[in-house]
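So, here's a batch of structures to check.
In the two complexes that follow, subunit A is the common piece, with subunit B as its partner first and subunit C second.
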Partner chain A sequence: MVKKIIMFISLLNCIGLFAQSAEEIINRVDNNEVYDSIRYEGEMLIRLSGKEYKKSFFSYGKGTQNSFMEFTNPDDEGTRYLKKDGKLFVYSPDTETVMPITGHMLKESIMGSDMSYEDTIDNDKLTVRYSVKIIEESELDSKNVWVVELNAKKRTESYPKQMMWIDKETYSVLKAELFALSGAKLKETRNLNFKKFGNRYFPTESEMRDLLRKDSKTVFKMIKIELDVDIPDSMFSLRNLER
Partner chain B sequence: MKQIQLKVIIAIFFALQINGMYSKTAIRLNGSQENDLSFYRSVKYDDFANRFGEVRWGVNSLTNLRLRTDIGDYVTFNLAVNINLLSGLFTDSYRALYLAQTGSQMLSVANPDSIYNTYFGIPFYYKSTYIGGFELERVSFAAGNQFFNFEMGLIRLSRGFGYAFSPNDYFNPKNPYNQKARPEGKLAAQMTLYPKDMWKIQLFTVAPDNPLESRGWGITTGASTMFSVSRFNFEFSYSLLLPEIEYDKDPKDFGLPETTRNDFSHIAGFSMKADIEIGFFIDAIYVFDHKVFKTGVMNGRTFNGYEGLQAAIGIDYTLPGGKVYLLTEYLFYGPAALTFGESLNELYSGSTSWDELSPVKRASLIDTERKIGTFLRHNYIFNMIRGKINDYLSISGSLMFGADDLSAVGMISADIEPVQAFTINVGFTSFIDKRLFGDLYEKGELGYSNTGMYNSVSVSTKIRF
Partner chain C sequence: MDELKTKRGGLGYMIKIAYRNIYRNKRRSVLCMTAIGLAVFFIVFMMGWIMGMYDSVVKTVLTFETGHVQVFTKEYFAKEDFIPVQYPVEFENGSVDEFIDEIGKIPGVKAVLPRIASYTTLTDSKVKHAVLWGLHIQKEFETNVFNLKEKSNGLIKGRYPLENENACAIGRKMAEKMGVTIGDSIPLKAVSSQFSDKFWNPEIVGIFDFDYGSVDTLYIIVPYERLQKILSLRNKAQKIILYLDNPEDSEIVKSAITELIAKKGNSDVIVKKWQEHQFIDMFKQMASIYVIVFLVFIIVASFLIVNTVLMMIHERIKEIGMMGALGMTRLEIMSVFFFEAVLLSILGSFFGILVGGVVSYAMSLYPIDVVSLSGGMEMSISNTIFVKFSWLYLLLSFIFGVFVSSVCTLFPSMKSAFIEPVEALRN
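Here is the complex of A and B:
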């Protein structure tokens, strides 16, 4: 009898240990992906109907509201984007002017890729922006995953609904589907590579497909990544944009 | 001897080391190359009654080369040049320059001490099949750190948030017939201070328009500031324009038009861009011209206070999905050579047949009391729609509408990007006014009578590198 009681208690403990809530899972995802600061060099490989366009750049980010990106491939060299306190500005070397990018333009494709301006500026925690629930436990690319549905808390969110396939072992998002308010699937992303920084698995290569574009995908690679490094605030300034 | 050689080698080696130490990055060379083949149906001035006109063609090949090098962390050198090859109708402007230069040379010989009416054209050369032109676009250095920047040389002084109309950008006024024209540089010095991350203050001095002026007349100096507050971006500016000739002297004494500025002027500017779901912008200046305020006369007529104002207001919006962009912009242009109710005949000293002369020939008829600015009249509206059909093709249409005389320039163009950094553009432009419907109607500023063109078709390519 005592053995049975002990076994029952152990079973309850095990259930408590492994059955995590959706919030806890997404919290672990945030711990993997959200950074205090980041510095990296990157590449965007845009594949359109069998043709390939390559963009290279370097980027800095701090918190959720500040980032800086400068393109270095010859045909776009010197084009810079600054996100400052959530607002986006662009500097064009052709016209030598700084122009604010207004809200309605944030949905436009960045440099002809499958990513929009707003895709590049989101770094807020998912747990803050979405309410979440586990849909099922499944398998993706021979990995055990949770399939989680995220519904935006605010109507202003770029993607009111997301579906995520989250690796049970690393809490990495292997795949995500992004939906419009109408329920139409707009984009699909897959994280192809991860790098381990301490306890976190940070995605370093991802593929995004804008489903409204025909035969198109963009592979986004991060090279020479440094996370949570000291970046001066002056990096995110008008001065740096015009430099 | 060997010792001297050794010293020279050591000196060169040392210089290279210093260069290596301070050249943080190598020289960066970027630019673009554009080829434009255009066909214009234009007025046939030697057979004016023939309303079909004649078809003329031209080729323009423009190469823009931009070079930049960072010397250490604080100094930058910039150089940009334009190399232009022209043939056919694109040589018209060079012919006008040649005429101006020839006339100026005669005046210079007759009166070598006069610095006025002396004109040096853009350097160009004539070869079989083309005329070649060379233009310096930028030559400057900049030095500074995160708090300030000082730049000097041939630089771009960029102002205002307006798109088609930007009165604040008075150092490089927009070309109403060519929205893609490259921004010109001015010989100037500019100090920029950055008290906060998104706040800058600029102090600038610009050399006189007349490069031969050496006594200080014609200099423009001023200050501007730009900052962001919440969803609003603001720019305020002030410029002091010194007289173009000696203070209070009669321009006629120097053989110059009456409109030449012989007194001080002030320009106060304000521009704002707001992100309120749609983009909303204002771009305005007020010109306080001492001469005009003293005499009460502007463009040969009584000056009204509103004629000092140039103000543009506009909105732009991208439809959900990000594929269609819309822009509409209105301009009030105060210092118009022609005020409400005046016809273009009055600009040409009352002539009623000025349109039978080519634009170069009719220039001698212009009433010298009137100053021709960017526009001839007061009210203009610019509308544009740009749609992305697919990943390779986008189509845009625009209409520049002169509301005072109901004339317009309409343009439809398609941009095709078959491979990275290479664009093909096909465009159609039409110059429209009421005159198209009969000789009894008024000739319009943007119509064929004034521009000399009915319509045009162009095919151009652009490579960015």
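Here is the complex of A and C:
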């Protein structure tokens, strides 16, 4: 009987330890990926049905609620996106008008990529949005990883469930799978490159596949990244969007 | 003697006897004629209905989808259901505009009309998705009649957008669904040929009704140049539609364009005739099935006439014996019964085409609402169709009715010829 009680207490301890560890791991992931502010130039390489499209842009971000992005490649030159207080707006040079992106539009892909508008909106810390648990310890690309399951705390979350493969050494997310409420896998992302900024390993190149699209993937590259720089609030204004 | 034999046993004499026999049992004769008449009526009506549908499909496909000849790329054709703009016609040697000019000079070509269709997402609307349809509006209406029911350009309110105007015209059903009218704008997003998100906000200047469900509910008509620019299709064409002076010249024109494309050196560009459209092809294949259906119908009706002939033979068995005893040959006896049945078929078929003709003619003037009948058809067909009236259909149905019923009565009539006179008289 005493043996059984000891075993039960040990088991509870294990679960407790795992839960604590999972939180800690995701905290470390957040520390790697969430920034106060960012400025960078980027590229999006979209491959769809054997064709390839390259987009270039520069972007600014402040906190989790404000960001600004302007495309510079010839076909999209002047197209600007603004996320202000979590709401998304677009300026199109063809019509010179600002339009909000709301409702079902948020599910649409950005510039034909595998990424949707709502993927850009959800920037809050994972620990705030998801409850986490470690599923197993494993190996991915010859790296030791934790396989972590994240379940959304709110029903409004775009992906109610995520699975993440987190590097034990750097606390970087190497791979993530995003699921719908039905359990169907919707998207798969892989972080291909990281850059070290002080103690953080920041992902600079990632690949996303929208599994609902056939023969499709998007590689997202960040170049000339500057983290935690001073960006004026006027950058994230509607006036700046339609300037 | 020979003269007397000819007179008494000749064809005319047999037909006369057969004609008189019709009146011996009027009720049975009327019943028999009614069955044949109903079958022939059905054939006349169904031929008119099917050909009306076929005409509607052809006109709709020609007007809205294919023209008489269309030019696009292999990749576009493979993904045509998604109307992609990412696989346009373009040439390294020369521009698409030059190509359009050149094909316009091919003898028999009436008009060359590049068109763009692209799916779009509507923001802030009850209707989430629609199709942007870029047309050379003025030229299109000079070439085509878009409302096949009213034979008009379909405009019910306002006007169509001018070339390069930041404006659009939408279908009546779409306007009702969205709760918008002239003067309102439609904020939308389209994806360009370079996979760029293009946001646009055209103002509604006109509302149309083409009597074609999918276009009236889904399509937003915009000026071609404007859409071409927005979708990054400058010097490219998603699809080029050709209208000919004579639609049957499509093969000749197709060959001429194919030669021109070969000179330009882009093997990805292909040419299709209107006859190759899936619905037209499907209807042609279905024609043989309809003949079988008609045949079954008339054969079923003919069972009544077969039965009538058999009853006549049993009823007149003594008479047959007497005819044989008086010297009538087997062929003569048989022809009396055969002609009686043929006369019933002729009369029945005549009444069939008479009623069928009147009904078809009336329905060729007043269209039938197919949508309310079918609950919405996913086909290239207008909402209303006209039953096609044709004298040829009446003639064909009459011949078909008489021929099939006559063939069916041939064998029971032969039975009368093999009845022994002595046996018949004894009965």
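Note that in this section the second predicted complex is superposed on the first by the 223 of 243 C-alpha atoms of A that agree within 3 Å, B and C clash if a C-alpha of one lies under 4 Å from a C-alpha of the other, contacts with A are read in each partner's own complex, and residues count from 1 in each chain.
Please note the rule applied: a contact is a pair of C-beta atoms (placed from the backbone, for glycine too) under 8 Å apart; a residue touches a chain by one contact, two chains touch by 3 or more.
Just so you know, these numbers come straight off a predicted model, no measurement behind them.
Peer 1: Have a look at subunit B and subunit C on subunit A after the superposition and call it: clash or fit.
Peer 2: clash
Peer 1: Between subunit B (first) and subunit C (second), which, if any, makes contact with A:L48: first, second, both or neither?
Peer 2: Both partners, subunit B and subunit C.
Peer 1: Which holds for A:V90: it touches subunit B only (first), subunit C only (second), both, or neither?
Peer 2: Once the two structures are laid over each other on A, A:V90 reaches subunit C alone.
Peer 1: A:T79 contacts which: subunit B (first), subunit C (second), both, neither?
Peer 2: Second partner only, subunit C.
Peer 1: Look at the residues of subunit A and decide whether subunit B or subunit C touches more of them.
Peer 2: Ranking subunit B and subunit C by residues of subunit A touched puts B first.
Peer 1: Between subunit B (first) and subunit C (second), which, if any, makes contact with A:I110: first, second, both or neither?
Peer 2: A:I110 contacts subunit C only, not subunit B.
Peer 1: Is A:G63 in contact with subunit B, with subunit C, with both, or with neither (first, second, both, neither)?
Peer 2: Neither subunit B nor subunit C is touched by A:G63.
Peer 1: Which listed stretch of subunit C (2-10, 20-28, 92-100 or 164-172) steric-clashes with subunit B in the superposition?
Peer 2: The stretch that clashes with subunit B is 164-172.
Peer 1: Go through subunit A and flag every residue that touches subunit B in one model and subunit C in the other.
Peer 2: 48-49, 51, 53, 75-76, 94-95, 97, 99-100, 102-105, 108, 112.
Peer 1: What residues on subunit A touch subunit C, complex-wise?
Peer 2: Against subunit C, the touching part of subunit A is residues 46, 48-49, 51, 53, 55, 71, 75-76, 79, 90, 92, 94-95, 97, 99-105, 108, 110-113.
Peer 1: Give the list of subunit C residues in touch with subunit A in this complex.
Peer 2: My answer: residues 79, 86, 121, 123-124, 128, 166, 187, 189, 191-192, 194-201, 229-230, 232.
Peer 1: Can you tell me which positions in subunit A touch subunit B when the two form their complex?
Peer 2: Interface residues on subunit A, with respect to subunit B: 48-49, 51, 53-54, 74-78, 84, 87, 93-97, 99-100, 102-105, 107-109, 112, 116, 212-214, 216, 232-234, 236-240, 242-243.
Peer 1: Give every residue of subunit B touching subunit A within the complex, in rising order.
Peer 2: Those residues of subunit B that touch subunit A are 28, 30, 32, 66, 68, 76, 146-147, 149, 156, 158, 161, 183, 192, 194, 197-200, 226, 228, 231, 233, 273-275, 277-279, 316-318, 320-322, 325, 390-392, 417, 419-421, 464-465.
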